[in-house]
Amino acid sequence: MTTTAPAPSAPDVVQAGPLGVAVLGYSFMGKAHSNAWRNVNAFHPSPQVAQKVLVGRDAGHVKEAAQQYGWEESLTDWRQVLDRDDIHIVDICTPGHLHAEIAIAALDAGKHVIVEKPLANTLAEAELMVAAAQRAQARGVQSMVGFNYRRVPALALAKKLISEGRLGEVRQVRVSYLQDWLADADAPMTWRLRQQTAGSGALGDLASHAADQVRYLCGSPIESLTGTVNTFVKTRTGPDGPEEVTVDDAAWATLHLASGAVASLEVSRFATGRKNSLEIEIYGSAGSLSFNLERLNELQFFDATEHAATQGFRTIPVTEPEHPYLEAWWPAGHILGWDSTFTNQAADFLTAIRTGTAPSPSFEDGLEVQKVLAAIETSAAQSGAAVVL
Amino acid sequence: MTTTAPAPSAPDVVQAGPLGVAVLGYSFMGKAHSNAWRNVNAFHPSPQVAQKVLVGRDAGHVKEAAQQYGWEESLTDWRQVLDRDDIHIVDICTPGHLHAEIAIAALDAGKHVIVEKPLANTLAEAELMVAAAQRAQARGVQSMVGFNYRRVPALALAKKLISEGRLGEVRQVRVSYLQDWLADADAPMTWRLRQQTAGSGALGDLASHAADQVRYLCGSPIESLTGTVNTFVKTRTGPDGPEEVTVDDAAWATLHLASGAVASLEVSRFATGRKNSLEIEIYGSAGSLSFNLERLNELQFFDATEHAATQGFRTIPVTEPEHPYLEAWWPAGHILGWDSTFTNQAADFLTAIRTGTAPSPSFEDGLEVQKVLAAIETSAAQSGAAVVL
Amino acid sequence: MTTTAPAPSAPDVVQAGPLGVAVLGYSFMGKAHSNAWRNVNAFHPSPQVAQKVLVGRDAGHVKEAAQQYGWEESLTDWRQVLDRDDIHIVDICTPGHLHAEIAIAALDAGKHVIVEKPLANTLAEAELMVAAAQRAQARGVQSMVGFNYRRVPALALAKKLISEGRLGEVRQVRVSYLQDWLADADAPMTWRLRQQTAGSGALGDLASHAADQVRYLCGSPIESLTGTVNTFVKTRTGPDGPEEVTVDDAAWATLHLASGAVASLEVSRFATGRKNSLEIEIYGSAGSLSFNLERLNELQFFDATEHAATQGFRTIPVTEPEHPYLEAWWPAGHILGWDSTFTNQAADFLTAIRTGTAPSPSFEDGLEVQKVLAAIETSAAQSGAAVVL
Amino acid sequence: MTTTAPAPSAPDVVQAGPLGVAVLGYSFMGKAHSNAWRNVNAFHPSPQVAQKVLVGRDAGHVKEAAQQYGWEESLTDWRQVLDRDDIHIVDICTPGHLHAEIAIAALDAGKHVIVEKPLANTLAEAELMVAAAQRAQARGVQSMVGFNYRRVPALALAKKLISEGRLGEVRQVRVSYLQDWLADADAPMTWRLRQQTAGSGALGDLASHAADQVRYLCGSPIESLTGTVNTFVKTRTGPDGPEEVTVDDAAWATLHLASGAVASLEVSRFATGRKNSLEIEIYGSAGSLSFNLERLNELQFFDATEHAATQGFRTIPVTEPEHPYLEAWWPAGHILGWDSTFTNQAADFLTAIRTGTAPSPSFEDGLEVQKVLAAIETSAAQSGAAVVL
């Protein structure tokens, strides 16, 4: 396919005005991504964008959403946006089983593509997407997978401190992502609890973020792991009566990194009282870090090179002009919301397009995370025996 | 003026399309208010708005800001917006000494008006503004002073819990607003440190929010107070050499409320390490509350009616659909930024316009806060002796 | 043996005066246990004790320690105390490889016995100790293993809340015990890092407490587990040059309980910045708990049966007369130190002796914990494959 | 009296064996001080003590308490201990109105004296006590007032950091001491709520500690203040029906220090949910500190000389050998209880006796605190007008 079509020029090279954006999907993620495109130019000195089209299956609903979220128009067929010259960026917020088809077509049509995480529902799809991204990259067409928590300023600061050596050798990592929206055993069956529609449960939804952070922050590949999964409530009431839950409610893994570090990972939708608790602890020979998404404007840092009498975990309020992304926002001391991570992500993607550099995290990064999730399932299926990636 | 002019109909009554908005001022507060108008319709089911005009004194700068913040056009003369039929709301973010003139003219011209806090630089101006607001209100023209922290969901929840009697009789209140941007004694002289331009220091800037919260949450007038002010660094380097600092760096007061409650108030720009720490503690006979703006998505609540063995301050993550304003935003567990308070404020103002009800806080509320600040200065000038309001 | 020897009467039955105590060992644990015996009668209404003998191998050092810690005399041969009529309680704080021999001899001699955790260095020894304890129990002679954290008031409260059903069905448990005293790779070799002297590393030292808490709080046996161990610094400098570290620095496990609950366990001596951080989180269908030994006077409790708008983890200051053990200590609000757990333990042991009831945790409990530790090592040795207990 | 009696030699000079101690009073403070004397030699390398006599008015009760707390004997007449050669230290835990008479007699009799805070109920008494202490000091007889919170390791560390200049110039101090044991309006009348027996309410009980910490940590005299007091519940039920509460329930003050620093002080017994919350915040030009007695093993420190990107309040776990007093206790990471402050205090007093140096805080310090409390009452009585000390 890519060999026959004359490669379209990268849109950022030829286009003069703003970059036209289409978002596919208008529910939770569609709303969050729309918010990012609506606001990115108000904060970041990145290329101008135009909110061209919102795409969704239900004509009435998507029209209403388009109005609400600031889009010029709405469409029901995503293929239409691939033919339009005024669309330069395709932002895919559809259910996961549609990611591969749309992303590959869009990239091949010369559109820069962002795909919400997780990259795909199967490894096979993810590999095709990576191939498409590599073809596109050769033509200056960019792609990115939406692990938006890389754009939490506190986690960007964490990455910076680790890179600067402030933690010394990283040895032990603890990452957990705990929610509680399934803790009620009487909550009804939904498509999210069926393996065939959702792929997996907490694993794909939560562990994908967790595994991406381990890879991102440690900068070292995951070589092997042991995994466990569990379904606490095995039957729920569906439209036709009791129905088996076929995805995991929670998952656990111990990851061995190439660097020698060991990471524990735990995710759950049954952690009563935890609403959106992505917690990350990183212990190194010279210092440590701790983070919780429920207080995403803060980073805990322990500097072991301090005098012993004044050592302690310090709570850095990551709201100062010296911190990543912060200069774009408000004066010192004014906290950002969860949604700001998507705005920062959009800005970085736009900058990558302008400068012609490959954005990060790439589809390859998305694929690597999928491999980790698959390995956890494989290990769990064989009673926890280690799986080499 | 108001007696002679035939009262214009309230714009919301006659206008069919969106409400046109003009914001006056394009620095920090102009940016924050612009953000609110740009986003309010994407979240809240309030009347539609159109971002018509951004007004500022420097033509080049305001044009650039207008583009960045999503305005259709920019102007340099605020009087022009009063004549336009497509402007229904005037949002005043100018320096304080211009508030009175603009607000009164806009209200008399039939525009709904929001004024950033503090309401005015002098009590005399504030009283004229209240009179204009009352005249306007009689014609269905609404006004509001921008104590945006009333729209922090956690503080709205606090108000609700107090109103429901969950604290019993409120007895003791502690409110402090601490920042540290002047802690460096070598920071240069600015207009904010001159009494003639800034009116006051921490008092007008920080104590105004603090005093408004005491009034709002307790629902009881402040009857008398004792006050102290201090300037820690008395001389700073200005453009022409050393210059006296003529405003307060910090202020303290003990307030007696009509209800019998006593509140302590402390504000400072010298509290090293505190970036934007508005802390509020309220102690009642049946329970207590605690809040910190640096963690604005949380409210601490102590329920003294619980069994003694399980009593404790609970940290409520104010991010759930059951909480004020939250249904408009994101699913459970996703925190809001500081800027969301302005968006909530805009939504409430729009709803008040649509329903023809007086918004809160009113200009009267703004005036009452000014009286508290003036009383603190008076008491301080007489060595702390109590002043009756 | 028990059939031939005329069973000595249980000392508490015949003795009229105080119960005489001998502590074996005078280093860290000997100091902590001495402290408990010196203070127990000052706080708790338990039987009177007399601090008779402190036993240690070095005559000079043990004499000095005996004076310092309040003992009447010191001895170097633990067998001597078994012959004395004025010794009713033998408290074993020696290195682990001596536990079995001493404990069995003491029990058979009719002495009530407390053994510091872990119960023994091998499963075989632990099983012999359990047999001896059962023989002794039949004669009214009591025994106990020193998992002192069961006597942290906050954890006793946790146990009570779980037993009362305040958490509903317990599903997910997270327990970690993190310290950092080996984080320095240049720290020298010690006997604690040699398998033959220490048995294991973090596993025996830290995971024993962690596993005991899982069993204690959940009240359900551990049926199977997968485990991982790791040694971060594989060589350290010993007296004769570089030497291999033969114990684990850290360990991880996922435990399946008979109840259906799943627990994750993580222990480390490399968690830079964590000094004594035993953290326990328990998630149930109706509520959750969270605890950290570094703030041992607090318990976090989330009540999911509360109205959604006021739900949140509450920090219970476990310092009130309504809390376990607290009435014995100070008025409300005065926190206890780590050492108080031993004093509470001594009081409970004395009460068990007086009332003739079996103290808890028993040697059987100690044995069960040993089995968990052994299973973690076994699983780790077979690449994480599950081990059934 | 002191002029006629031949000055007895200081007991520490002549006595060979342990220093004999008598404690006067056996309720809350008597128990806490007894605990200190019983344990001081087990931890601290200070002179040996012997727990000689516990003195109380009720013969039966004091005998029982003496047994429980480890005293050799009990007496009902405090004068008897002054005649005994085996008593070298008199520790006064009686109600405040007896402090002066006993302390002066004991000092004149050549006994080293500790007096619980507050030093006395009246300024006149306090001044007489200071005179007696000065006379005694000239003879090598030591005295001390029991502001035990100076011996909280975290506050000793705070003092050290301030002395080393880590905070730069101290400008602003916030101290509050909040409890809630009177929050129930139906709690009955007690002697603590009558002015004639208790002297004052929260002022003497709580503000004394708060004022001492301001003086201690800042190292600068309080020159003037404005004060407010309030009684929230003005009538309570006494033995003979409704009775007026004649002491303060809460108090507020703003203190001007000679150094130019300003401190706010707030104390209350009505702060629902605060059990023993002595909070201290100190803001300087180069750093800040924050402390809460409910977490007395922690000190918060903000170092403003750090790079801006990694600044933040760090939580120092004050449990390490590098911290004041900690070497005497347990290995790293093991927290101390509230009672340890008295043990540390006893150790320091013993060391002062041995070395012949004047202990701190002295009776003069106690007197200065009394002056502050009196000035708050005076200012409050004149509507908050400033009082110069």
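Think of it as A, B, C and D in the order they're written, each chain with its own count starting at 1.
As a working rule, a contact is a pair of C-beta atoms (placed from the backbone, for glycine too) under 8 Å apart; a residue touches a chain by one contact, two chains touch by 3 or more.
Protein names from UniProt, one per chain: A, B, C, D = Putative dehydrogenase.
This structure is a prediction, so every number in the text was calculated from the model and none was measured.
Q: If you check the contacts of chain A and chain B, which chains show up for both?
A: Of all the chains present, those in contact with both chain A and chain B are C, D.
Q: Please work out which of B-C and C-D is bridged by more C-beta pairs in contact, and write that pair.
A: So, comparing the two chain pairs, more contacts are at C-D.
Q: If you average the Cα atoms of chain B and of chain D to get two centres, how far apart are those centres in Å?
A: Roughly 43 Å separates the two chain centres.
Q: When the centre of a chain is set as the mean of its C-alpha atoms, what distance in Å lies between chain B and chain C?
A: Between these chains, centre-to-centre, one finds 56 Å.
Q: Rounded to the nearest whole Å, what is the centre-to-centre distance of chain C and chain D, using the mean of the C-alpha atoms as each centre?
A: Here the centre of chain D sits 36 Å away from the centre of chain C.
Q: So which stretches of chain B touch two or more other chains?
A: 302, 311-313, 317, 320
Q: Mind listing the chain A positions that touch chain D in their complex?
A: 157, 161, 166, 299, 301-303, 307-317, 320, 322-323
Q: Within the complex, which stretch of chain C touches chain A?
A: 171-172, 174, 176, 180, 183-185, 226, 228, 230, 232, 250, 252, 254, 260, 262, 264, 266, 268, 270-274, 281, 283-288, 302, 304, 311-313, 379, 382-386
Q: What residues on chain D touch chain C, complex-wise?
A: Result: residues 28, 31-32, 34-35, 38-39, 41-42, 68-70, 179, 181, 275-277, 294-297, 317, 319-320, 330-340 of chain D touch chain C.
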